[in-house]
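Some notes on the structure that comes next.
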Amino acid sequence: MLTVLISRPLRLIDWPLSALQRRLGTTGVAWAFLLPNLVLFGLFAFLPLILNVVYALTGGDQIMLEDRRFVGADNFARLSSCENYLDPNSCEKDLFWRAVHNTLIFVTLQVGLMVGFSLLTAIILNRDIRARGFFRSVFFFPVLLSPVVVALVWKWILQRDGVLNAGLDALGFETFNWLLHANWAFGWSIFLSVWAHMGFYTLILLAGLQAIPQDVYEAARMDAASPWRMFRRITLPLLMPTMLVVLVLALIKGVQTFDEVYAFTGGGPGSATTLMIQYIYETGFGGMPRLFGLASAASILVAVVLVALTALQLWANRRNVNG
Amino acid sequence: MTKNYLATTALALLAGGAGLQASAQELRFMCASDGSECDVLEELSQRFEADHPGVDVVIDLVAHNTTLESLPVQLAAGSGPDIAKVTDLGGLNPYYLDLAPYVDRDYWEASFGDTLGWYRKGPEDDGIYGMHSQMTITGAYINRTLFDQAGIEVPAEDAGWEEWVAAARAVAEATGTQFPMAIDRSGHRFAGPAISSGAKIFDADGTPILIDEGFEEFAGKFVEWHADGTFARDVWAGSGGSSYADAASEFLNAQLVYYYSGSWQVQRFDETIGDAFDWQVVGSPCGTGGCTGMPGGAGIVGFKHTEHPELVAELIDFLAQEDNYTELTARSLNIPAHLAVAQKGVAYPDASEQGEAALQAWGEQVTKLSPVAYDYQGYVNNRAMFNITLARLTQAIVGELSVENAMARARDDLAELLVATGQ
Amino acid sequence: MGKVLGFLTRTRGRGGRLHWTDWASYAYLGLGVALMFGPVVWLLLSSFKTEAELARFPPRLLPHAQEMMTLPGHDDPLPMFVVTDGPLAGEQVAQVRRIGLASQVVRPEAPDEIIKIDISQREPVEEIRFAWENYTGLFGEFDFMRYLWNSTFITLTATAIMLLVNAMAAFALSKYRFRGRGVVLALVIGVLMIPQTVVLVPLFLIVSKLGMYNSLWGVIIPGAATPTGVFLLRQYMLTIPDEILDAARMDKASEWKIFWRIVLPLSAPALAVLAILAIMWRWNDFLWPLIVLSENRNFTLQLALNTFQGQLSTDWSSLLAMTVVTLLPIACVFMFLQKYIATGIASTGGK
């Protein structure tokens, strides 16, 4: 019943597509297969990007493009006007540079910890463990939660009268206001995003580990290689391609971090946990006045950095594979 | 069989996706509230529907943030509801429907004279755009029981911030209370005390300046009081950007002696505190600029793009009639903005004795409001100025910027705002 | 019992004794269970607490509420206290009212005889009580079933469209060699890097120009072509041997039939992963629906959840209950499909 239900309309697609195939050959069919996707991409991904560029080159607080005046590269100039790029206070748009600094530190630590813990967890899950399916699900479970819920849950635990402080209090320790101190708030933000996403990367790495043929290890064991040596000489190199996928994905997602940290700390204390996307969101959308031009210019800068980072990694990978 | 089944599923999917076809005269009313206001509005609208067969008023309940962030974008793109309860009163002015052609101007001017200006573009604009449904005023509450336990006299009505700080600290110390004072994280909340300390906000010809001697002075003290633990740091320092935070739960838990917030808290305090302790409204401390809080609140407006401008105006006018307005105010525990209603006084049947006393006390505070506070509340871009205050002051409190630098940055932000909005 | 012991003592497969690394592994995993599940369990327990109990410090594990007693001569149930000091010490009393620092109480045996005590001499009597009203309130207060239907409709439709569209694109990009393939691939990867948050405003303009504002399709369609989906599926389809396709072509099968009858079934594990990811994304989606949908009747559960946050106050008890309710369906989906998640990700990501 169900198969009939689905295959009927699909047979309808078959006919015009076959006709097309007769006329254009297989290349034409390839484009036909691509068409729906390209239309959607074009309308909802590329067109917004182009509009974004238009916004970046115009000023004012109007949304409709016809009401905006052309300002050229003014938005970019103001964003990049800085006496010393290491000191946000010397920049014209100090909050932008604070966000840049925060994001760089955040992504470095977050990706490092994420990959580290995912790898550790994957290796442990790859051992001969009872109830592996259960443990695997446990680590994957937070991936299912929406960012807002993740933030809510941890805020609920960490706030001044939250359960963590209650625990400290009961054990006779001084209670501590975790989200009130810049470094702690930053640290917990990293913790929270690792907590929420590591399960996904763990599964990918676990799959990579399981794809390594057992006989390689057997052979090494014959040679009485130490476990550490086996890990360095066999596991790590053979896992490299998987590691790369994880690294690229984690990096891209890391730079894009927004919802969970925004809902968790609101970017505070002060601007200590304000990340790039939050800056863009608040400048263009949440805050007032709505400086769409500035926000768009900032988003273009982020996109350029992301493309460069990814290209760098892919290039490094190619060199690795070839060399 | 299969075909039929397919057809019905497809139909069901389409219906679910497109929603039901709108009836001929449907008014969409976007409403966000902290308490029972939207429920009361719905009931009143039903009475309106009864008088107008064929009209369907649909209340869309949303979060307050939606009216601040999504609604303006929707309006700018030419979509959005017909009517909404909004809090960014001046900022949305370009999209408002002018009710003047449809309503009795004299009645509206006589009833809402003080608040009509908040919805206008500027002084030269004489349109009638919104009915101020929820009048609020900022000011302080104290935990009276803590004062009594500590045996410390409550400062007099004309006491300044210094006196209140000293008293609150003494009470907190004597009773072992965690926080002497707290103030909501909001630029609007900060404005009242700043104006009381002499801040003028605007220069002589009405151009916003925000930062002046009075403002800077209070900002300096404010940062100092955060550093020495007088103010609960959690509230301002615990967040960033323009996000709002309050200290209501600390007050409810009796961990706070003095809480600067506003009249809208009455309903919640009344319900939650019960008889755990006594609380009291003490208004705003005094300074060289008076003893003013900030007026504020929300109002009901119609939008230009509506297909039924006449009906929209009629509905808002209906809500603005004295008896309806009184009912709305009484049941949603608000202070009336309608002058005749305010004069007669409102009885609050749902409030306790303590709650009723608090509401009356707030009503009296209205007379202390400074003209600067009214102007600031009525200024088109005030919300942007609140956000600037908030972001920069927080940076000074957490030590990212010195007070002077923070003030200088705020000046720059304001200049950018004026350029962007073309003023 | 023996089973549990067997579970605990099972080693890496050989021998019988546990190596220290096994102990360490189980310790790590145990810690993981606590850390991953603990917060959610805490959320679950908190959702059964009353507003007053939520504001309490230190918080208690189980929800409590003050015991109330109805006594003759008093209309409303009275809160119960135990007296800690003075002549009544140790007795349970019901409080009639409190005035300043004094409390007027009565003993349950003599409900008419009012006694005054100091408020510092009494402590509330509490019992464990689950505040089911947090949940029942949800169903009474608004059109819960409507939101559930909207969420489900969006999630299922969007997932179905996304699977089909992305699989078609992935098929073209993996099984055909044609001019411009590299460009298309590069574009797909490029789009992967643009977070939706960044293009929110232009995207909204386009969607409202297309007339999809305030329609569920405005939420479904723009996200239907995801770069992640195309990328994942393509990587998987690359592993399907071309010989199978060629054999089918020999039999004069049309390209569509090859896609539909051969490639799709062979890609089932990858499709399962994408389906799960898509369901998750759509179910949890918040910012975009918030902007596109303005009428209550089109709201999703996540948007309804958001309405509990007022301008100046948050209704925590309802918010937490609602959070749990929105969490349940996705947790169920996960429980049923968790096997596929593991094997599916295993077969795509590892390549």
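Should a chain be cited, it is by its letter among A, B and C, assigned in written order, with residues numbered from 1 in that chain.
Just so we're on the same page, a residue touches a chain if its C-beta (ideal position, glycine included) is under 8 Å from a C-beta of that chain, and two chains touch if they have at least 3 such contacts.
A quick map from chain label to UniProt name: A = Carbohydrate ABC transporter membrane protein 1, CUT1 family; B = sn-glycerol-3-phosphate-binding periplasmic protein UgpB; C = Carbohydrate ABC transporter membrane protein 2, CUT1 family.
What you see is a predicted model, and the numbers here were worked out from it, not measured in a lab.
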item: Most centrally placed chain - per-chain CA mean versus overall CA mean; value: C
item: Taking each chain's C-alpha mean as its centre, the one farthest from subunit A; value: B
item: Top-ranked pair of chains - ranking by C-beta pairs in contact; value: A-C
item: Chain centre separation (subunit B, subunit C; CA means) in Å; value: 32
item: Where subunit A and subunit B are represented by their mean Cα positions, the distance between them in whole Å; value: 37
item: Centroid distance [mean C-alpha coordinates] between subunit C and subunit A, Å; value: 19
item: Sequence positions of subunit C contacting 2 or more other chains; value: 55-57, 201, 205
item: Subunit A: positions in contact with at least two other chains; value: 63-64, 160-161, 285
item: Per-residue multi-chain contacts in subunit B, two or more chains; value: 73, 77, 249, 253
item: Contact set on subunit B toward subunit C in their complex; value: 13, 16-20, 28, 30, 32-35, 58-66, 70-71, 73-74, 77-81, 87, 145, 148-149, 184, 244, 246, 248-249, 252-253, 262, 264-265, 268, 272, 275, 278, 298
item: Interface residues, subunit A side, partner subunit B - complex; value: 1, 4-5, 8, 59-64, 89, 92, 94-95, 98, 160-161, 177, 179-180, 182, 265-274, 278, 282, 285-291
item: Complex contacts: residues of subunit C adjacent to subunit B; value: 51-52, 55-57, 97-98, 100-101, 142, 149-150, 153, 157, 201, 204-205, 208-209, 213-217, 220, 290-291, 294-298, 303, 306-313
item: Subunit C to subunit A touching residues, read off their complex; value: 7, 10-13, 21-22, 25-26, 28-29, 32-33, 35-37, 39-40, 42-43, 46, 55-59, 165-166, 168-169, 171-173, 176, 178-179, 181, 184, 187-195, 197-203, 205-207, 210, 221-225, 227, 230, 254-257, 259-260, 280, 283-284, 286-287, 302, 305, 319, 323, 326-327, 330-331, 334, 338-339, 341-342, 345-347, 349-351
item: Subunit A contact footprint on subunit B (complex, rising order); value: 2, 5-6, 69, 72-73, 76-77, 88, 91, 233-234, 237-243, 245, 249, 253, 381, 383-384, 387, 391, 394-395, 397-401, 405, 409, 412, 416-417, 419-422
